[in-house]
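Have a look at the structure below before the remarks.
By written order: A, B, C and D. Residues from 1 in each chain.
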C-alpha cells in the first residue's frame, strides 16, 4: 500500500496526536474522548458550534477549528460517523451559555449519532439545534432532497455560522441563517481515482484506466454514472450546468464558488476547471462574489474535484467576508 | 431448556470472533454501494462491547443488564451508522428481558422482537429497504412461528438462522431506500447490503452459541 | 491520462486565466508577459520581491503573491524556468524605488535566466540582489552545497523576506537575512508515486509497486536511493535524522518545521509523519517554534512529502510570526 | 562554395521540424536524469525562433543578424536551462559573422566556435561534464581540423556531424557535473544527456540544410 502510515488501526489516533502537537496554539483535545476543541472553549456569550464526522477528509473536519469557524469537532474513524459520546462531550465542552449548534452532513450515521447526543444534551438543559448539509445534487433527485448527502458545501455552512456566532447571534438566528446557507448551496463532484482504505490497503472503488465517475461521494460512494474521461472543459461544463439547474441559480444571482480538490487532483487542474466555471457563470449572467479553490474536504488521495455554488444575499455576503482563523482555513 | 447468563455472555465473544474473521468480507460488501468501512465499524463496536462486558462484576447474572450494557457501549462508542442501530437494538432487547438470569424460548423471541423494533425505531427502517432490518425481521417472524408451533429450541434456532440468511440474501435484489446506499438508486441493486450481512453474522453467532453447539463461527 | 486538462500546450495559460479571475482582488497580470504581480505593485518605499520558476508546483509560486510575501512571480512552463524577459518585466513592475530582491531555487535554468534578467535590470539602474535556495540535503554532499537544489525551503525564504520588506528593510538587509534563512534551512523528501507530465501523459519516473525514492526532487528528479516502502515512522526517521545531521541542528535549537506534501499524499499521512518528527526533535532536545503542515510546494500529483527544518533566531522568529496575506498562504 | 542567407534561414525551419519529431524522445531522455521536459522546452524555444525570424524584413540578408535574432528570442522567451544556453550560443555565433550575407568555410568554423564558446561561458561548462557542450565541442574540433586540412565543405560537414554524434554518445558514460542531473552523482551514468541529444539534432539539421541536401530531418 503506497501510503505513509504505521499500523492501520492507529491511523486516526496518530494523526490526532500529530495534529494536536502542531496546532497546540489553536486547540486542545478533551482528556476523555476523541474531541478537539478551540483552545478558549467554551467562549462565554457565544453560541458553540460542534461539527464532526469520519476521518479521512482532512483538512475537514478538524482543520476548521478556530475563531470565526467551529468550536469543536467530534472525530470518527476513517469514514465513520463519531459515536454519540464524543458528540455529547463536544457539546458540553463548547456550551458558553448560549447553546450549541450542530453542523453535520446528511448521512444516517451522522444524523443518528448527532441526534442522540443532541437529545442527551437537551435533557441536561443545554439548548441544541442542528443544521444538516445536503448539497450533493447527484445523491438524489430534487423531489427527494432530504435524502441527499452533504459534501463540500459544509465548508460554507461552517464559515457562515462561525462568523455569525462571533457576531453574538443567538441559536435560533444561527439555525435560520445556517439553514438558508445550506439551502442556497449545491455541489457536484467527479472522481477518476479511488482512495486507498488504510484498513485493507484496497481501493475504495474499481475504475478503468480511462473512466471517471460523475456524482461520486467523498467517501468513494458511487455517483450518477460512469463515463469515459473528458477534457477539463467538458467535465466542468457537465457538472457545473447540473449544479446551476438544480437550485436553479439564475441570471443576476451572485454566488460563492468553491472548487474542492478531492485529494490528488492538482491545483493546476482545479484552476483550469475554475476558468471554465467562470466562463459558464458569465454566460448565465451569474456573478461571482467570492472564490475558494483548493482542498477543503478531501477523500484522502482520491482523484477528482467538486464544484459548489452558494447563492449569496447581503447577510451571507457579510458572513463570507468576515475574517476567520481556522487551522487550515484562514481569511483576513 | 432455558439459556443461562453465561451462554449469552459467551455469545458476545463468539460474535466478535466471527466479525473479526469477516472484517474484510464486510468491508468489501460495503465498497460497491457504500464506503468500504462496515467491517471496521462493526468489528470495532463489538470490541467495545467485549470490553464493557468484561468489566461487569463477576457475580452479575442479569441478562437484561448484559444486553443493555452491550447496547450502551455500542451507542456511546460505536459510531458509524451501525452504532446507533445495533446499540439501540441491544438496549431495547435488554429491556424486555430485564432481571432475567436465564432465557426461555418465549424470552428469546421477545428479545429479538425488541431488537428488531430497536432497529426500526432508530433507523425508520421498514422491510424491503435493503438494510440490516431485512435480516432481522424475517428471523423474528420465523421465531414467532416456531414458538406458536411449539417447536424445539434447536429447530427453532436453526430455522431462525435460515430465515435470517434468506433475509440477508433477499437484500441483493432490493433497491436501497435507507442509509448511504440509498443515494445510488438503481445502482444499489445487485449487491448484498453490508449491514444485512453483519446482522446475519451477529444473529448466527449469537444463536449457535446459545445452542451450546460450540463457537459457531463460520463464514 | 487521468488529469483534468484540455490541450496539454494550453495548461499553463488556462491555469493562469483561472488563477487571475479567482484572485483578482489580490493580484493582476502584466499585459505583455506571463508575470503576475501584487495588485498594488509597485509598493512605494518597499523592496520588491520577485520569485518564479516552472509551473506545476502549485500553490508555489503564484500562491505566495500577497502582502507579507512576494510581489511578483515570473511564470515558466511546466517544470521549466521562466525566460529572461519575464523575470526582467517582473523586476521592473515591482521596483518601488528601493530595489528588488530575487528569490529562486538553485537550478541552472533559474540561475541563468534570473541572472541575465538581473544584469539587464541593473544596467538600467535598478538595484537587484538575489538569494538562491539550496535546502535539499539529498542533492549533493555537504562539501558541494553550492550544487544543491532548492525545494520546499523556498517557502521559508518568501515568508522571511516578505515580512522584512513590509517592515521597510533595505535591499542589503533583505539579502543578508534571506541568505541566513536559507543557510539555516535543510530539507529532504521522499516520493512513492510520480506525477504525470501533461505534455506526454507519461509518468515523470518509473517506480515499483512497493518502492519509494529517498531524496527525490520536486520535479521528479531521482534522489539518493530507491528503497522498499516503509512505515510512516521509519521513513520519517530516516529523512528527519539526515536533515538534523546536515546543519547540524543541535540540542537547544529552536526550529520551524515544514511538512510539505508533494501532491497526492494526504494531510492525514502528513500529520502521522509530523508526530514522528516531533518525537525525534524532542529526543534531540530541539524545540519546535512553529509548524506548517500541508501542500506548499508540490509536484502536481506526485505522492510523497518532505521535511524541512529552519533554525530560528530572534529575528527569524519575528519574521515567521508576522502576518501575511498570500493567495494560498495566509497567516494572522 | 559559400552558403547564402536563405540556406541559414531555412536551417532554422529544419531544426524546428526535427525537434518537433524528437520532442517525446528528448522528454524521455530527460526523465531518468532530469525533469522530463527537455523536448518541450527546446521545441518551444525554436518555435519562438521561427516566429522571430519570420518577422525579419524580407530584404534582410545579414546572417549575423539572423543568428542574433534567433539567439535573442531564445534568451528572452525560451526559459528552462536550455534557453540561456542556446540563446547565448546563437548570439555569440551571430556576432562573429555579423554583416555577412554568405558564409565561407572559415565563417562556418568561426560561427560554431563562437557557439561553443557561448555555451561554455553561460553554463561554465567544460568538456566531459555531460552537457550539450560535449556534443558541440568535439564538432568544433572536427571542423577546425577539416579546415586546416582543406577538406571539402560536404566532407567537412559530414565529419562534423559524426563528431557531434560521437560527442553526444560519449555523454552516456559520463558523470554529470552540470545542471539538474549533477545532483544524481553515480546515478547519472548510463544515460545520454538530453541537452547533448538536442544539440546533436540542432547541429545536424543546421548542417545538412546548409549542404542543400534537403530537409535533413531524421532520427
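A few comments on the model shown:
Simple rule for what comes next: contacts are C-beta pairs under 8 Å (C-beta built on N, C-alpha and C of every residue); 3 or more make two chains touch, one makes a residue touch a chain.
Predicted model, so just to flag it, every value in this text is computed and none were measured.
Averaging C-alpha coordinates per chain and comparing to subunit A, the farthest chain turns out to be D.
Work out the mean CA point of subunit C and of subunit D, and you get 32 Å between them.
Taking each chain's centre as the average of its CA atoms, subunit A and subunit D sit 55 Å apart.
A straight line joining the Cα centres of subunit B and subunit D is 76 Å long. Chain contact topology: the protein chains form an open path, each linked only to its neighbours in the line. Applying the touch criterion to all chain pairs gives A-B, A-C, C-D. Subunit B contributes residues 23-24, 27-28, 31-37, 39-41, 44, 75-85, 87, 122-123, 178-185, 187 to its touches with subunit A in the complex. Within the complex, the subunit C residues that touch subunit A are 1-6, 11, 14-19, 21-23, 55-56, 58-59, 63, 192-193, 209, 212, 229, 231-233, 235-236, 263-275, 278, 288, 291, 293-295, 298, 300-301, 303, 305, 323, 325, 328, 330-332.
Across the complex, subunit A meets subunit B through its residues 54, 76-86, 107-109, 112-113, 116, 136, 138-140, 147-149, 197, 199-200, 202, 204-205, 217, 219-222.
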